[in-house]
Structure formats: C-alpha cells, structure tokens
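Below are two complexes that have subunit A in common, paired first with subunit B and then with subunit C.
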Partner chain A sequence: MTAAAGTPALRTQARYLAWRSVIRTIRQPIVIVPPLVFPLFLLAINASGLSAATNIPDFPTSSYLAFALAFPFMQGSIFATNTAGTNIAEDIGNGFFNRLALTPMSGPSLLVGQLTGVLLIGTLQAAAFLAAGLAAGASLESGVLGALVLFALSLSIAAAFGAIGLFAGLRTGSSEAVQGLFPLMFILLFLSSASLPRDLISSDWFRTVATINPVSYLIEGLRSLIIMGWDAEALALGFGVAAAIFVVALWAATRALRDRLVRT
Partner chain B sequence: MEASNGIRAEGLVRQFKNVRAVDGIDLEVRPGEIYGFLGPNGAGKSTTVHMLTTLLPPTEGTATVGGYDILSDGAAVRDVIGVALQDAALDQLLTGREHMKLQGGLHGLSPEEIADGGDALLERVGLSEAADRRVGTYSGGMKRRLDLALALIHSPRLLFLDEPTTGLDVQSRAALWDEVSGLAHRDGVTVFLTTQYLEEADALADRVGIIHQGKLVAEGTPAALKAQIGRPTLEAVPADPSQVERLEAVLSRFGDPLPVTNGSAAVRLSDGTEELADVVRGLDGEGVKVADLQVHAPTLDDVFLAKTGRSLEGAREEADTGEHPTEQVESPA
Partner chain C sequence: MREPGRRAREEASPGARRERARLVSNRRSRYWSVARTVAWRNLHLAMRSPALLLPSLVFPLFFYMAFAGGLSTVGGLPGFDYYNYDAFQFVFVLLQSAAFGGVFIGFSIGADFDSGFTRRLMLAARDRSAVIAGYGIAAVVRAVLVWVVVFGIALATGMEVAGSGIDLVGLVGLALVVNVAAFFFAAGVMTRLRTLQAAPAMQLPLFMILMTAPIYVPRNLLEGWISSVAKVNPFTAIVEAGRSLMAGDPFHVLLAFAAAASGAALLVIFSWRGLRKAEAAG
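Then we have the complex of A and B:
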C-alpha cells in the first residue's frame, strides 16, 4: 500500500476535479458538438432571414450578421447550464458523489472543478463563433483587444449559467430536471434584445420584458464589442449582470451542496 | 484521542420518515479483525455502513471509528477509512489508472505516491493490463476489484466493504475473499464487511453480527454462534425407497423432523451426536437399512432461523419480491 495521506490544499483538490471534468468533457462529443453546431446553425438562419432589419431607421449596424453574432455566444452559454447540471446530477445518481464525499474533498473545490469543464467548452465555443463570424464577413469593431474582452465576457456568462446548472443538479439530483431548464433558458433568450435593439422593439410588453430581462444586458455587452467598439456602459452592465448571476447562483449551489453533502 | 483501529457503536439509530432502518445497534469491532455484518436486503446493513463512514448522520446514538467520533470528527474518520460501497460507483469515462490518480490526489498523495502505489494496487487486484482502459469496458468483477483498490490507495487502517461480492462469479468471489483475508490477517487492516451470503460470513469473518429489521439479533464467532444452536442435523437415505416413512418414524424419536427432498429423511437431533449410536440401533431394530447417513453441523442459516424465526434464504427472497421494503439509504436533503 501507499504512504499515509493528508488533506490536500483546496487548489490541489480543485485541480484534480477540474482535470476529471476536462477529461470527461473531451471524451463526450455529445457535450461538445451541439453547443458548437446549433448556435452557428441558428446564426446562419437569423443572419440570412432577418437581414432586412438593418433597413429599420436607427438600426445600429449595416450588417445583421455582426448584430446577430452575440446570439450564439449567449446560446452557447445556455448549454453550460445543461452540461454542469447534468454532470453533477449523474454523479449523485450513480453514487460517484459519495465516493468523492468520502475523500477530504471540500465543497468549493467540487464546484470549481465542475465549472472548469464548462469553461473549457466555453473557450472552444467563443473561438469557433468568433472565427465563423469573421469568416462570414463580420468585423470586430473593438479590435484584437476587444476579442480578448469578448472571450472574458463570454466565459463569465458561461460560468454564471454553469453555476445555475450546478445549483439545479445539486438541488434535484436529477439530470432530467436539469434538462427541463433548457427550454426556460431559451425563452429568456428569445424574450431579450437578441433579435432587435430594445429601443426598436415596437411592442410595449416585449420591450418591457426585454428591459427587465438580464439576458438583454449580457447580449448587449457582447454585441457592443462587435458592432460598437468600446461602450463602457454596455460592458459594465454585461460584466456586472454576469457577475451578479454567478454570485447568486454559486451561493445557491453552495447551499444545495451543503444540504446534499450531509457527511458529518 | 484514542488511537485504535476498532469500531464501537452505541445505540445507533437511523429513522427515514416512517421507517426505522437501524434500530439501536450496539457493536464493537476489534482492531485487525474481519467483522461480517450478515442480513437480508433491507435489514439495515448499508444504512449502518453509511453512518459509520460519516455519509449519513445517525438519528440517535453515536460511534467511534478508528478512535474518532463519527459525529464530531468526521474528517478524521474519513482519513483513516477506506470504503467500497454497495454499487461500485465509478466514472465510466475514466480509466482504472485515472481513477487511482483522482482518488489519490483527493486524499493528498503526491504524484509519485499515486503512480507507485496505484500501479502496485492495480497489479495486486489483477488490473494492470486493463489499467488504461475506460471503466465502461470493465466486467462487474473488474469494477469490484478496482473499487477495492481505490479504497486502499491512501493506506486506510479500517476498510468498509458493503456487499463486495454481490453479483460476482465464484472465481472472482474467491479471489476477493483471499485479498480481504490478507488485508486483515497480514496487514492488520480492520475490515467491516456486510453480506447477505452465509458462506461468505462463515468463510471470511472472524466474528459475525446478524442484523434483522434494523436490530442486531446475534453476535459472535461463526463457531460460537453455531454452538449456541448446538444441535446437529442427521440426514439418512433408505436403501429401499419404500422404507422412507419407517425411516422418518425412527428418526423422529431422536429429534425434530426437518423438511427434505429426494427420498431422504432428516431430524435436528435433540441431544447432539451422542445419540448416534442409539439412532443406528433403532434403525437396526426396525429393520430399516440405510444407503447413506450424514451428520451436518449447524450453519449460520440455522442461527438466523433460531434468532429471527425464518431462514436467511427465505428473508432474502421476501425482500427481493417486495414483501418487506428493500433498504434505502436516503439523503435527508
């Protein structure tokens, strides 16, 4: 047998759990491919079908492709909810969670580790969406530095939605329940300013809903980097809303983990 | 804190809503022994293991494991125990070696310790060649062996095995018995093993605790428990099958008749083997010739029957068919 063990540092635990999360992600094409392909597919449909929207007076850009490019970033992040939540729910369902609970693993290291796989997919998505958009003719008004900020905001949003997934997975222990969130997330996405700027939405109720819908501010933050250049207010709101969702969801996930991890 | 490899439980209770899964268990497991916790499905075995391994807080009572209190010192308990739960919970997407890396890393072992110790353990359980295959391709026996190796990666002083051989073939079961026996008797690891197999408890355990409907109904070495029952069984086969009723009549003078099949007769002897000579004289006197005569020592199933009023086999079938609720280990969340 091996030498006696001790309790490893939090970052060491998180590193091992993150490593597992990445390995699992890489070995499941079903986790990687749909979040890459479906958003691009919808982008192609939107960009070709709604291009006439650029003729609306005061539309902020002449390229609907550039306008719509933020949509796949946001849609991809919604997949993060599903991925993170399903993984943890499966661990609970098949008993692997108990295996982890019997080690000195701490709760925060589990949450960080689980989110790492989500961030890996988020990085791949951001690179693929940006490359596809640029290849199709869109340009990035904020330049190379803007691309880095776009990545940062995109990953912040993925982390926020991943934390929602962790909460749902830990609270319910059911991957089916987590997947049930998916349509709700899409409704939030479509009731936002994803398709039109808020001030150009003619329907009062829709404009009101889009205004109170936090997803609008996430999309507008992403979009500002693509079509406007540097818009401090849009970026502050984008990062701020992402951070707020992340903090609230992580707090809820931590509480759910504490209830789930009833070890003495 | 007392440094001990033993386990001591006092008044351990676990209530799930209306079900009292464990109902006031007191037990003591001595350092370095194999303690067999025997009972049918739903008896409370796994719930007891979950409490002793800190996964589930008891509703009442307490216990010390390895000298540490399960309620106030859970982290210390987890440091000194290795656990293989009822279902070998493994990640189908990871290889055997990757499982060792994850488990060792979370226990704070260095990469060198994980590599050396992990390889040695994989070899010991016969998984060296399969170490780099994903666990999803493993057979049930291979998963059980990997589960055991994972439970040992951090050199625990106590090992909890929850029905480790359920579903295994005879060969895999024997190999696992050898390994567990060696761990206890060669390496001094205390083993708490739950099982619903009489022969497993009999062959492997130094002492056995019999649990029935959440209560410990008997405890002792297999030999001592069987000695409590005391009375052996005598089974005879008549040379002439038409004499089976006369054979039964003679044997019934010496004990309680037992149900048998295939043309033989059997009794539980009232006064033990000392009566054998009288039995032979009685058969001779009645002109009953026998083709075979065997004396069976009491089994743990006889002990279970004496303590609970039913055989373990029967209780297991009832649990399997749902006549009694199958044990559930629930999270209160």
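Then we have the complex of A and C:
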C-alpha cells in the first residue's frame, strides 16, 4: 500500500486530490452552469439560424441540428481549459500549492487529481448535450454503441484541453492569465470546420486554416458518430489528435510543475 | 402691479446677469473638465495596457474572419439576395463591435468601482454625471478606433462597398447610436452593481439580443424559433437597415434610427437612476 514509510501510494494520493477536485467542482455552480448553458444556447441559435445551409449541394445531412451537435461538445471541452487552469492557479495563489509541496505528494498524482473535476464536468456536459440534441430531434447514426464512443471521445478531448489549462495555470500561476486563454481557444473553434464541412468552405484561406487546425479533426470525429455512423478515419484522427494534445500538454504541465516546485 | 423688490432689482441688473453667466460658464467648464479627465484617463490606460484595448479590437476582426470566411458558401444559397457575403457579415460585426464597445467601458467602470477610484472621483466632481459622460466619450473614441481598423482590414481583404458616402455616414451614425445606447446600458448596470464581477449581467442580455438577430442569413432564410424571435427583436431592424445602407439601397433606416435612439433615450434614464443609486450608496 505504501511506497515508502508514511508515504501513501500514488493511487491513494491521486484519489484524495481527485475527491477534492470533484467536491470543489460541485460546490461552484459558476464552474458547472456556464459550460452547460452557453454551448446549448449557441447550438440553438446556430441550428436554427444556419438551417438553410443544408440546401448547399453535397451537404452531408438534411438536419443542421445534427451537424451542429458536435459544436457544444467541443465548446464544452474548451471550458475545461479554464476550469483546470483556474483551479490550479487559485491553489498557487492561495498558498495551498505551497503547503502541498511540503508533503510527500507526487507530481503526477496532483495532475491526475486536478483533471478529475474536469472529467466530471465533461461527463455532465456530454450527457446534457446528447440529451438536448436527441430531444430537439437529432438522431445518432452510430446507435447506442456510438453514444458510448461519443462520450469517450468527448472526455478524451476534455482531458486534453484540461491538460492545456493545467500547463497554463502552473506556468503562470495566475487565474487571469488562464482566463486570457479562453478567447484563443474560442478562435481555434471558430476557425475550424465547425460550421461547414471543410470541402464546402469556399474561401481558400479559411479552408487552409481549418485543415491545419487540430480542432477540425476533433469536431469531425465527434460529428462522424452523429451524422455518418462509423467512419474509422474520422474517429482515428479524432482520438489521435486528442491523445497527441493530451500527451504534449501533460508533458508540458509536468515540466511546469517541476519548475514551480523548485521555485517553491 | 407690485414694484419689484430689492433682490429682484439686483438680479435684473447687468452686473448680476454677468455674474450668473460667469457661474454657468464656470459650471459648464468644470463639467467638461471632469468629463475630459475621465475620458483621457480611460483612453490613456487603454493605450498603455494592450490587454484592455486588444479584446475590443481582436474580437470584431475574428468574428469577421470566422463568419465571412467560414460561411461564405452560404452567400450562394437560393434566396440569399444580398450582393456580397463579406459586406453582409461586416455590417453585423460593425454593429456588434459598437454594442460591445459600450460594454467594454462598463468593465472599466466596474474595475474603477472595485478599486475605489470611481467613489473618489464622485466625491471630487460637483456634477457626478460628468464622470459618466467621461466614460461615454471614451466609449465612442475607442469604438471609432476599432471601426477604422476593422473597416481598413475588411476593405484590404476584398470587401465590396456598394453604398455611397452618404449611406456609409448613415451606417456609421447608426453604429454610433448603438454604441451610445449600449454604453448607457452598461453604465446603468455598473452604477447599480458597482463591481466588475457583475460583468455577465451586462454581457448576457446584450449577447442574447445580438445573437437572435439575423446573423448568418437574411430573415427570409431563417427557420424555426429564431425566425419568430428575429421578427420582434429591435436589433433586427438595426442590422437590416445597416445592411441596406451598405448595399446602397436604404430600407427602413428611419425605423432603425428610431429603434436605436429610443433605446438610447430609455437607457439614459436607466443609467441616470443608476447614478443616483450609486450616489445614495456612498
């Protein structure tokens, strides 16, 4: 059970911090409500305001609601950056991190623990978005199993963006700086294939930007399960890009954590 | 008829009239001095701290790029009868930046309340509405700066303008009224709540009004609930009139100005009452 005399195992450490992260998240409605409400509001506006776009030749579905349903999943994941980054920056700001540094707590368990609250919100979001989409008339072409894969991809994306937030929070130690990331993430979302399929974007520069923007592949992976069924390429790209972002961001967060502990 | 009293005779004398005029002139000059100082301080801070100015500049540009670039195919839909999709989106972005320009100054008012600066200013100013007027001047100057940049970039990237110079003056005038109305709304909210934490109370209502207007396509192509909401949303009249001016085919311009100006007039009262509440709160 113990790694060294008096030092709890990594799993136990992570469990304590994960529990703290979950409780902290539940106690802050301001952290839960906007990531649920704001994406649904935008979905309602876009699905209705852009429904005429389904008349574009070769548009992949007759329902813009189904096409746009991937958008809130992605937007909700972007909120994960803020949640994870702000939480750890607050821990640094209020001295909790310094007190933690005096204990034998390991770095990886701290990071895993902090991400747990983000994954909890991610699960709530995925359930709410899917339920709202289905209630509004969208259907899931990949069926019940597809819903599970949709949840898995959505949580992978939330973890990836949460890790970016952890890196930003640890690097800057400022929740204001983390908040400053939000517009940047939002820009990435809007400069992707979120509103139209890439092959139907007539503006060359925008199509190029959307093609090199990793968010396009994440959103296309989510969308494929909703409007196409099982598209192995889209799913592989979606999971692959999410995993790549997660690995790189977690590596950067681990380094930032090490630097922060040295400074502490 | 009674003979005028001594006091009335003194007030009617040329010397008293000159004194009264001097007092009025002094009061007016003090009012403008306070308004100018508040405006200058706000503009100075915005110039020195890019974090304050950049969002109001970057967001309209970004929305223009994302909407005009990403959705340009929508401009080719049957029933979409506007001459150019870039121009179609530009008008929305211009009016949106006008509205949010007013709200961004609301952030400044909230931050100044948080730091205690506004309270000190109000103690120093004889007429406290001069403080609000100063923020208002800064809102207009900052909005005009944003429009110059956004307009320049839109033209440089190929946006076509079909309207005449007079039409464009009308469009900018409409945007100015929207900016002033949004500013008075933000000032009214901030003088009541007096903290930056109340920022969502300014942003959300405005966001709802803006986003439920015909953003992506003209009203005839809207479907579902948003079509019904857009019909009764006053911002729809403003956006449609703005787009008609841009196209050189003015349509319902008076209605749009009336909607924006009456909104602004109501919001002046809203912000004036907010100021009274802030004064009462000390």
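To be clear about the criterion, the second predicted complex is superposed on the first by the 257 of 264 C-alpha atoms of A that agree within 3 Å, B and C clash if a C-alpha of one lies under 4 Å from a C-alpha of the other, contacts with A are read in each partner's own complex, and residues count from 1 in each chain.
FYI, contacts are C-beta pairs under 8 Å (C-beta built on N, C-alpha and C of every residue); 3 or more make two chains touch, one makes a residue touch a chain.
Given the structure is predicted, the values throughout are model-derived calculations rather than measurements.
Enquirer: Quick check on the superposed pair: does A:R198 touch subunit B, subunit C, both, or neither? Answer first, second, both or neither.
Expert: neither
Enquirer: Could you tell me if A:G95 is touching subunit B, subunit C, both of them or neither one (first, second, both, neither)?
Expert: It touches subunit B, and subunit C stays clear.
Enquirer: Check the contacts made with subunit A and report whether subunit B or subunit C touches more of its residues.
Expert: The partner making contact with more of subunit A's residues is B.
Enquirer: After the superposition on A, what does A:A210 contact: first (subunit B), second (subunit C), both or neither?
Expert: second
Enquirer: What residues of subunit A sit close enough to touch subunit B in their complex?
Expert: 1-8, 12-13, 15-17, 19-20, 23-24, 27-28, 94-96, 98-105, 173, 256, 259-260, 262-264
Enquirer: Show me the residue ranges of subunit A that touch subunit C in the complex, using the header's touch definition.
Expert: 41-42, 44-45, 47-53, 55-56, 180, 183, 187, 190-191, 194-196, 200-203, 205-206, 209-210
Enquirer: Considering only the defined contacts, which subunit C positions touch subunit A in the complex?
Expert: 51, 55, 58-59, 62-63, 65-66, 68-74, 76-80, 208, 211-212, 214-217, 221-227
Enquirer: Could you please specify the touching residues of subunit B with respect to subunit A in the complex?
Expert: Where subunit B meets subunit A, its residues are 53-57, 70-72, 74-75, 77-79, 81, 83, 85, 87, 89-91, 93-94, 98, 101-109, 113-114, 116-118, 120-121, 134, 150, 152-155, 187, 331-333.
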